[in-house]
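Report on the structure given below.
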């Protein structure tokens, strides 16, 4: 599957998987300065965080890319200490759920270090967390904590949805961005191939239009951007609807003007997020809209996210738990044409090609 | 038959059941009927079997994602387990748990967590509750060697020792956390470390021997029931990959020879006679459980939002 | 200072401080069943969690009310284990910030136990966390994580704003509510006296109207309810404005119909929360409104919360950091009369009588 | 004057400065000029003074909310400290830090955290960074006895020992965490516990003696600089209440007699001659710092949202 992430026509493109993009940017980060290092459980093993760190320990040495004991809080604390004396640490959690063990270091320390000491010290670092989904990940391996982290000032939170987003953003982050960054990567994206442009205007550390349109605005995050793009294509093919898909991309620093301008144009909104709707990202989108202009929406927006429960493991329940392509398409059609739109929906429930094939490694 | 022979045979049968159940899971896996990450206990069965045999039914156990063995050894229903792996209504938890979260509270298995070390303090808390009620029940937490690196392990040892909680810390030492060897991860010797909290300890190297595990656990449980925590570390060996149904020696992070050495002790491999004698009956039991799972209905929308609180 | 929490005219009232209400309900909880116990750092010392547990260890014994080592994650895990075998644990954190150390147990375990095991087990427990404010609490002693916790299904999150809310709600929670409850108490409320009715209709585990009105809706939480009530009184006295103040009270299970009906009536909205606005409670309020009817708001709502930064310690900065009475009044007046309302604002910046006097204990 | 006398005098002067600074804080407190919780080090000064004197300026220290002493001993500016307590622009952190978050990165104090134990892993990480760069700098983490109960302490000890990080774990043992005595909270002996990670340790009982603290630290630092972690535990005594400027013996959780016994060793009390000789000059220094604070402007809206990232 090929998804072009930006609307710009790139001069030259190549095909690169999400995992490949991660590996490239990790490699480039390590090459850019001896201060950059990567630590995390299994970063130096043969699976290499789903292929995103494979071979780097051999290339840069065991003091630059190393395994650690099971110690999420301790590891994050050690990263902070290293950052404070001039290093640029990259840490990994193979599931975002495990970052909750490091919550104290992330929220009470990393996010506050600069402000709390009046700017005397900075805490630049990259925390990579992977969201699990599919194949029975269950309640403890499936959470997507973007709203949780983005609530706290001092943290930069991004959710790269494509290889392009990684290739463009990570070099702006690693050893450059002044504060701690949490990048929420999605496991289902790792195996997907994307078309990537190496020149052209870069995806910034904020939101961008992934697909222009005039009939309805779709604000999406992470793997839901891919879903939204597919659904938008379907809606265009079957009903001539032009959906504008905005990849929110940076959760802590979205381009709200971009979102609001789009909704001003379309008057219709679908929000497609990877987490729960309650006290989640969808609320912040709504807040930004009504603060700027409470009269923009012509109809109530549609919202797609996880069902209001922990994640079940059974496939039949998981299929209901996550928004399907079917529901995403329906949301777009309903926004524009109303509930009685009468346009046939796609039948398959599953999300992406990659998703259908996904059966690990975990 | 001597009572020791009987004991051997009884424990052997349960261990064989576990092994054949997991072999069946391996066979079934390519069919995609089980859509769940599986962490197999093949090679580690004797730990669960020996330990659970030393417990009372009303003693509680808190386990991990690698808990097929403990589920069966503690007395969980086999049909409900297969149905759970299949994601069916007849499953232990109606398909909400999958392989990583087996439980059987009716026989004392109080849950399995897929967050490493996270159930360790649960056992301490349950033990304290028993103590406060002056009950003779005890709590057991089963965890891998890697789990001891997490901070909560330290907090749990300290709190248990301070409060004299009747809790058994049972460490399954397979020497690995995913692909990392213990010496890469741990600077401490587990027993000496636990002893520094004033916790009595023992290590058993013969983790293939369910009878020996049982004996060690009986001794430990006696002390725990008398009112103190105890740490029992049992050496064991994981034959398969960390998660999944394959082998992974070709990736080179560990030596086939180490596992081969272990297998030379493994009664489930060495005692062919008993394996042959018991297999048909055990296979029938498994076949019934699988049949139950196959015919169990799939959970639907009505289940999606139930039991959230 | 006396604030009547409900609109009902109570048959008989008495004066009870917030700390006193907590002590009463803790006492009653312990008396109700031998299964109830309280653990937390310092619960049995002479300060007794700011007076809310004082004397209980003596009354109920050291195995029912006990001090623990510094072990937030371990304590919460132990509470879960006890709950699973039939106990009802109450744990305390003298600052909500410290609950981040127990995040894994709260989010990955307690909130999931019931669902993850298909209802085979329940995890009833009460986690009390105290929000700090004033007198230089600073970045690590001032956070108010209601939005963070309420995002996760399986957790019940309440924020009692008055003694009445405690006296009414805690008995519905302790040893009764089936799942884990986080109660976010506010340090500045502890020393305030409230008028409490012992009979009459009880404050439920959801939202309620703290003050009826027809001109503008104020949705508030915790100490901001007290602020809002004062501001509403001022607006009535000076400008004849009738502000309806809704105490959201239960964050995980608000009565959204109550909120929406009020806004339908007033068309104007002020949200006053104790945390950051970004990805916070205000967003969820907006989301619930636009989902039901995007045309309800006549003007953009006003929102009051912490400034978008960690909390500074200097008094001069803290005064700017938190919404003042001045700003709360102005928000109400502006909603109804527009920015050029011309009505003089109250001059003192400080929030409550108690706040002005507050200088610990911490 | 012998060099030992000189050393004594030098350390004494810094300790006296800390004590008189905190006495001044006590005097100022009722005026509400300092609107910040204060955790006084009165009684504990010698630990900070002796330890910091054994460090190089470019060695880094991570400290806690109880860090007036370490701030001064490591060489932080006194005027900036008072201005910080006053919440003024001239403060170390322009009034954003207050008493609990003093830092002086220019002399190696890399921050003070008010979340107990949270800075322990920071020192390990900084030490590892030094080691990777083959620098001879070391990192020190100062924490109270209570901090060792937190899980992250275990993780930090293990990681430091595994990686041979040049980090000094410096425990200020005042026997109390808020109002709780150590035996209520800890089942382990700190040294034996740390030793189980293979970490070399030492305890010094004479924590009132800055020269002895310095000597113990010099020895420890030598080993750390050679490339291994070390744990140094120093007995000390907190004279005042946990937080605030008062005394709290009347609440009965501890005995006045215990502190009195300690005071009989305290040079800042016993060596009246030297106290009298040095006080005027030290008081002048403090007066200047307070004057600076008093005249420093208050931060305004322009500061509210700066330095968030």
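As written, the chains take the letters A, B, C and D, and residue 1 is the first residue of each chain.
Definition applied: a contact is a pair of C-beta atoms (placed from the backbone, for glycine too) under 8 Å apart; a residue touches a chain by one contact, two chains touch by 3 or more.
Which protein is which chain? UniProt says A, C = Pyruvate dehydrogenase E1 component beta subunit; B, D = Pyruvate dehydrogenase E1 component alpha subunit.
Note that the structure is predicted; figures quoted are calculated from it, not measured.
Colleague: Hey, which chain ends up farthest from chain C, C-alpha centres compared?
Modeller: With centres defined by C-alpha atoms, farthest from chain C sits B.
Colleague: How big is the gap, in whole Å, between where the Cα atoms of chain A centre and where those of chain D centre?
Modeller: Going by mean C-alpha positions, chain A sits 42 Å from chain D.
Colleague: Between chain A and chain C, what's the gap in Å when you average each chain's C-alpha atoms?
Modeller: Result: the chain centres lie 32 Å from each other.
Colleague: Where the CA atoms of chain A average out and where those of chain B average out, how many Å apart are those spots?
Modeller: 36
Colleague: Which chain C residues touch at least two other chains?
Modeller: Correct list: 68-69, 71, 73-74, 97, 101, 104, 108, 115-116, 138-140, 153-154, 308-310, 312.
Colleague: For chain B, what residues touch not just one other chain but two or more?
Modeller: Each of 91, 94-97, 101, 113, 115, 149-152, 155, 158, 162, 184-186, 308 in chain B touches at least two other chains.
Colleague: Using the definition of touching given at the top, classify the network of chains in this structure as line, ring, star, complete or other.
Modeller: Complete.
Colleague: Give the list of chain C residues in touch with chain D in this complex.
Modeller: 41-42, 45-47, 67-74, 97-98, 101, 135-141, 307-310, 312-317, 320-321, 359-362
Colleague: So in the complex, which bits of chain D are touching chain A?
Modeller: Residues of chain D touching chain A: 60, 62, 91-97, 101, 103, 105, 110-111, 113, 115, 118-130, 132-133, 139, 151-152, 155-156, 158-159, 162, 306-309.
Colleague: Under the touch definition given earlier, write down the residues of chain C that touch chain B in their complex.
Modeller: It is residues 34, 37, 63-64, 68-69, 71, 73-87, 89, 104-105, 108-109, 113-122, 153-154, 156, 177-179 of chain C that touch chain B.
Colleague: Can you check the complex and tell me which residues of chain B touch chain D?
Modeller: That would be residues 149-155, 157-158, 161-162, 184-189, 192-193, 195-199 of chain B.
Colleague: Sort out for me which residues of chain C touch chain A in the complex.
Modeller: Result: residues 73, 97, 100-101, 103-104, 107-108, 111-112, 115-116, 138-140, 143, 147-148, 150-154, 251-252, 275-287, 289-301, 303, 308-310, 312 of chain C touch chain A.
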